[in-house]
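By written order: A, B, C, D and E. Residues from 1 in each chain.
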Amino acid sequence: MSQLDDLKTAIKSRLGDLECVIGWEQGYDPLHATPLFIRSEADLDRLIIGPLAVHNLATYLTGWKGKKVGVVVKGCDSKSVIELLNEKLINRDDVVIFGLCCDGVVSQRKIRAALPADPGFVESVEIGADSLKVTVAGQAATLRLDDVRADKCRVCDTPDALVSDFLIGKAHTPAPAPSLKCQDEFEAKSDAEKFAFWQETMGRCIRCYACRNACPMCVCRDYCIATSRDPLWVSQENLPSENMMFQMIHVSHLAGRCTECGECERACPVDIPLMLLRRYMNKQVRDVFQHEAGKALDQTPPLLTFKVEEERINERGW
Amino acid sequence: MLKVAYYPGCSGQGTSLEYDTSTRAVCKALDVELMDIPDWSCCGSSPAHTVNHVLSAALSARNLAQVEAMGMTKAATPCPSCLTNLRTASHKMDDPEFKDKVNALLDVPCKNSVDTQSVLQVLAENVDPELIKGKVVKPLTGIKIACYYGCIMNRPPEVMRFDHHENPMAMDNLMALLGAEVVPFPLKVECCGASYGIPRGDIVATLSGKLLDASRDVGADAIVTACPLCQMNLDLRQGQINDALRENFRIPVFYYTQLLGYALGIDRAELGFEKLCVDPRLALGRIKQPQQAM
Amino acid sequence: MQIFNLADADQGFIDEVEARSHQNVKNCYQCGNCTAGCPYTFVYDYSVSQIMRLVQTGQKDAILKCRSIWLCGSCQSCTTRCPNKIDVARVMDVCRHMAREEGYATERSVKIFADSFLESVERHGRAYELGLMASYMTRSGRVFTDVDLAPQVLMRGKLPFKPHPIQGREQVARIFERFRKGGKNA
Amino acid sequence: MRIGVFICHCGSNIAGTVDCPSVAATALTYPDVVFSTDTMYACSEPGQDAIIQAVKDKNLDGVVVASCTPRMHEQTFRRAVERAGLNRYMFEMANIREHVSWIGKTKDLNTGKAAELVRMAVEKLRRNRPLMAKRFETTKRVLVIGGGVAGIQAALDCADGGQEVVLVEREQSIGGKMAKLDKTFPTVDCSSCVLGPKMVDIAQHPNITLYTCAEVESVGGYVGNFQVTVRRKATHVDWTKCTGCGLCVEKCPSRKHPDPFNENLCNAPSINIPFPQAIPKKAAINASSCLMLTKGKCGLCAKVCPVKCIDFEQKDELVNVDVGAIVVATGYDLFDWHKYPQYGEGRYKDVITSLQYERLLSASGPTGGHIKRPSDGKEPKNVVFIQCVGSRDKSVNRPYCSGFCCMYTAKQAILTKDHIPDSQSYVFYMDIRSPGKLYDEFVRRAMEEYGAQYVRGRVAMIYPKGDKLVVRGADTLAGTQVEVPADLVVLAVGAESAKGAVQLGEKLRVAPDQYGFFVESHPKLKPVETNTAGVFLAGACQGPKDIPASVGQGSAAASKVLGLLSKAMLESDPAVSRVNPARCVGCGKCIQTCPFGAIKEIQDRFGNPKAEVIDTVCQGCGICTVTCPQGAIQLEHFTDNQILAEVNALCPPKMFANFE
Amino acid sequence: MPAQDVRELRIVGFLCNWCSYGGADTAGVGRFTQPTDLRIIRVPCSGRIDPLFIVRALMNGADGVLVSGCHPRDCHYAEGNFYARRRLEMLKRFLPITGIDERRFEYTWVSASEGQRWQHVVTEFTRRIHELGPAPSFNPKSDVDWNALAVQASQGQGCPCHGSIQA
């Protein structure tokens, strides 16, 4: 049986106890997926998985807190689930986790860039072993999956769900690249270049909060301090400094909690490479606290605890 | 089968030949393979580190680099003096700056990836006591032994990382395992006078004299050591000590490997009892023959 | 006894001992545990704790001229037992290095023995015990050293008559060569 | 809002390098400032009166004073504005003396800086709001933890002051370490003669409830209203019936476990009364060695007991106690000298601790007060004392001085000579620490009158030779190595924190220092207070102390307790954290990080979890405010908006740059 | 003192009330002269210092931000500086990716008795900030002449925001 069939069987076996199970279905065209909230067996027919199922469905879990739901997660998404569990933002008893062994997902942005012109509506998509055939207006283009793979998949060391009630698919032995070229290149830039870069990108930001809303760890929702008057951290001026302030709030609240699922960057309508900030912060957290959010159950986020002697914080000679 | 790179040390070629041969023999009997380090050189011993620490480390590091060339990470030496030099060199080379200085003196740089242990540590930590017990054919029942470890095999503990720095027990345990009666020897880690035998024989006479005196006090038939220098001071110089202190010690001083080999029934020729200066026969005679022991 | 003017303390000396030994001699509070355990105290002119004190007060001359630093056997008793975790034996070593560099050899026979030993290593790659003895006796003029032991040693074949030169002795010799070029900063 | 600003000259202290009238003039341009003036001494009576007058005349609802540091006069001015009818929190201070006039040399730079600090204070004040202290009733009862001499003193003083006291002691009898001592320095009077009557007072005082064989299980609540659970461990003897006749002790056939009261020098019967003066004088069974409890046969004690009080079925009992204040007097323990391998690690029987030596000296001890060495019972002639065993030694992580060892060693040297006139004592020491009334004289007497040989140096090793122990040390004054053939070696072991102190500290929310001693509020000015209101320290649990210092602290802690409970109602500081339940998502992060347990989880009326601050427990640190991503919990008087207002006052957002 | 020879720069300090603010007071009482650029905000505890305050100051154009609390283990609230240390260390390490020179932010520990140490910290930090010079503004200068628009608005010439529409 295929991975999808296995998944459907597993979901079927538990659907009775659950309000719904969150999965993916085809969106407005065959290239784009959208979340699917499975409430009956009939809904199962629409369920899809595979390289187009990009959304991190863990984002929806806090919204269902207090109700019993199921969720389908890839390896990366499962880290978000773990982090939510560790922070007691969801209850393990209330969530049935259908974990996938994932072969990676695509970046819509890269597909768009790889096609000759903006595709608009895609007629059909055929997924091969290592290629993707996209047909737009009768014209078919074949893309190598490797070329359009999401950045996070290039450095993924957790393709298989780390926590699950059902683990579906064949387990991997991942050998990820140590780092991303784009990240290394950006970090190597001078302060002035980086500063100018963020000035420019933040000038582009329209503060639509899509990055925040897509983030599984942003649990404040309506009470985000970026949009409140008390406290009033960010003015409503559409200035790069205010936009940057908002991003700094986001990154600061994610310090030690971000699982690098990449949803913020994916959701950004003006293509701000937010993962540059996320990955850099996570690197610092790893260096100092040897902590990786979502990698293990029962971890405390490092900023919610301390050690009397911090082995890796060397106070500077003042 | 456990394999370790083997560094015999210069004295193993001369004054402590019997330590080298007996060490090789017992290791073979206990399934520990000693792989000779090709073309090893002198570690510099104490003269080198009293002249300069980098020079001393470089002389040791050349050998560590040889071990690295063998593709090995674990080395063993019977001699505590060599051990100290090799381990101290490694320890100091943990500081990259120091390591650079050392490598500047070498033809082949040392990566500092080798952990050197004494053969005693290798035996104590890797060979199952039950295995040894099972191989004993001549238990040492009847002989009273004082185990003397010397000053540097366990000190300083941060560098040597073996056994206990004030009251080491590895040899005690081994000898007891072989059936000997181990007497509580209070000066296990006191210095014997080290390399001052030649330039300042008086020092050795005093310090080694104290050790002989203490071993007599606790009623030992023999002393067991793990150090060529200690053995030489206590054994070869016992006559000098007697002259200097107007004493009449006649206490044989064995290498632990000799008695271990004896108990395992290894050919006497490989154990070199005849090389001991103080006649060991009386002491060995106290060992009850197996049938008597039963 | 001479009066030492504390204002004459040689700070450069203190700094150099600390830098070369990687020890903070100011940590020493003179409890005497090093002296208490030192087996060589009976032949010293200054006890170990006094050496530490002289370093603390920058009395360079007194230290470099003294006998004790040559007689330390590096048995590690002081280092192991120091309540302030000072590597005292290393400080003693460094004092001896500095004394050597400045041409002191208060305990001449010890220096000659060490020199003879290293010369043997430099020449053969390994210590050649018989050659070393010969060299020592010639240099020190103490030709009767241990002659009483000769019969026992030779009879038991404890000293080979020929050195065991090694193939890499050139490499070893180069270590010494480079060291001499680099001087004390090696 | 109507704000008044007062710029203080502080004589020439400020006016010397700050143009105060110019600062006052600038302040008038700040938003909401309706009145601004400079004044010679704002803190003086006329200065304060002028402020009060201005509040009334100008109808002000907030006041800024720019003068010295708020650490000096914030309280003064708060009281002044209160007298003027304003809430005390409608006041801000700008520090233009310590932070401006006294450190900057250039007058115009100083003046500019002062004006900005005033601006900052004004902007903060604009976001202040009146805060009211909460008043609450207290439970008039005190818990004293630990029945050593410090705890005994604290308990008696509190009880005499009219408060009910619950005294909890872990051991079977109160008395602590002092009860084990033979004599005390520097008077050499009998320890039990001094302590005994106080112990009896504890037993007889109508205000004191004593629980021995008991430990604090949990502590809830806060100053004025703590809820404490005490675990009374099973003694297997009904203490309401036991008369302490001792018949059971006499008949008990099981005498195999070491006697802790006698520092394990001898064995004790399995049912025992630890010492003749024990309070309470009741027998208790050691469950780990009692034949009946381990093997199910014997029961001799039950047979001989005239009042039939033996109860082999007895279980631990939990007792709940409500108290208003807690005194911690858990004392210290002895350093484990086995960490020094050079002293033989216990291989040599005649190397003993100073407290074991006290038991040998004591007439109620295992040798009846005759000094007999443990190995062969012989009377020692050469006795060597080694000081600083586990004190002033970084290598065993005990860099501190235990403070009393020098003194008790001198005492023991004197007593040794008293007991064995032809004996010789040797004391290895590093420095003699004897500051105290008649203390140094006492040490001198040990040397001068009793001939104790004091040797300045540590001991490197002890080794046996024949039936002697050779002690090898240094005489650093002579610069030599020395050896003493000793018959008995007494180690002056240092003090370390009591076992279980760290765990108790967690229950009480009193932080231990890195060595496990409890941290006082202020090392100079609040030595018996802790940072947890209502919890006080007495004796060696705060750091090594001798008897008079412990007793002094016991009394000091008692006076703090009496002062606290003498008030009918307590007031809490209103500058505490407050939760905006609308913003709180109930994630509990604030609860996790609060060092004081001042935040609890509640449920709103929809059953959603929310955080709630217990005003009287919150200490106002603000860790929670930074922890909360929603900004739902705000530290009053230091809210995000208040601090942001200060930041914005100092660094006006750059969007205004174009207007420059 | 070079800092005083040139125009003052904008340096914001966040100090805990119990140790560092007291230390700054002690420096004042001891008349330990310091550069005047620093403005101190008093908070109860370094644990109250949200790293975002520092970001806010930097975004507002502060040239330097200095944070100081009680030495580790000496926190008046037992644990505040332990949390602060983690939070502030993360911020300091993070700044480089934003292109803001991390040397513009520093955190340290000064006790109430360490007046001289406080003088040293302030002097050195101010010297460093002057070496770095004024911080670049995150907001590029606007093309819009706000002053002119404000004048227009005050003269009743319509809403400046919609000036272009009118034109």
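Throughout what follows, a residue touches a chain if its C-beta (ideal position, glycine included) is under 8 Å from a C-beta of that chain, and two chains touch if they have at least 3 such contacts.
For clarity, every value in this text was computed on a predicted model and none was experimentally measured.
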Study note, to complete from the structure: Chains adjacent to chain C and to chain D under the stated definition are B
Revision key, fill the gap. A correct list of chains touching both chain D and chain E reads A
Exercise for review: Look at the interfaces A-D and A-E and say which one is made up of more C-beta pairs in contact.
Suggested key: A-E
Review point. Using the average of all C-alpha atoms in each chain as its centre, how far is it in Å between chain B and chain C?
Key: 22
Check your understanding: chain A to chain B: how many Å between their CA centres?
Key -> 61
Study note, to complete from the structure: So, in whole Å, the Cα centroid of chain C is separated from that of chain E by 56
Practice item. Please compute the C-alpha centroid of chain B, do the same for chain D, then give the distance between them in whole Å. Key: 53
Review point. Considering chain E alone, which of its residues make contact with at least two other chains?
Key: 56, 59-60, 73, 79, 83, 87, 137-139
Check your understanding: Could you say which residues in chain A touch two or more other chains, in rising order?
Key -> 233, 239, 241, 303, 308
Review point. Where does chain B touch two or more other chains at once, residue-wise?
Key: 165-166
Check your understanding: What chain-chain pairs meet the touch criterion?
Key -> A-D, A-E, B-C, B-D, C-D, D-E
Revision key, fill the gap. The chain D residues in contact with chain A across the complex are 514, 580, 582-583, 585, 587-589, 592-593, 627, 629-632, 634, 639-641, 644, 653-655
Check your understanding: If you look only at chain A, which of its residues touch chain E in the complex?
Key -> 186-187, 191-199, 202-203, 233, 239-242, 244-245, 248-249, 251-252, 255-256, 276-277, 280-281, 284-285, 287-289, 302-303, 306-308, 310, 313, 315-316, 318
Exercise for review: Give every residue of chain D touching chain B within the complex, in rising order.
Suggested key: 341-342, 345, 347, 461, 463-466
Revision key, fill the gap. As the complex stands, chain E meets chain A at residues 51-52, 55-56, 59-60, 72-73, 79, 82-83, 85-87, 89-91, 93-94, 96-101, 106, 108-109, 120-121, 124-125, 136-140
Revision key, fill the gap. Note: in the complex, chain D contacts chain C through residues 342, 388, 392-396, 430, 456-461, 472-476, 479-482
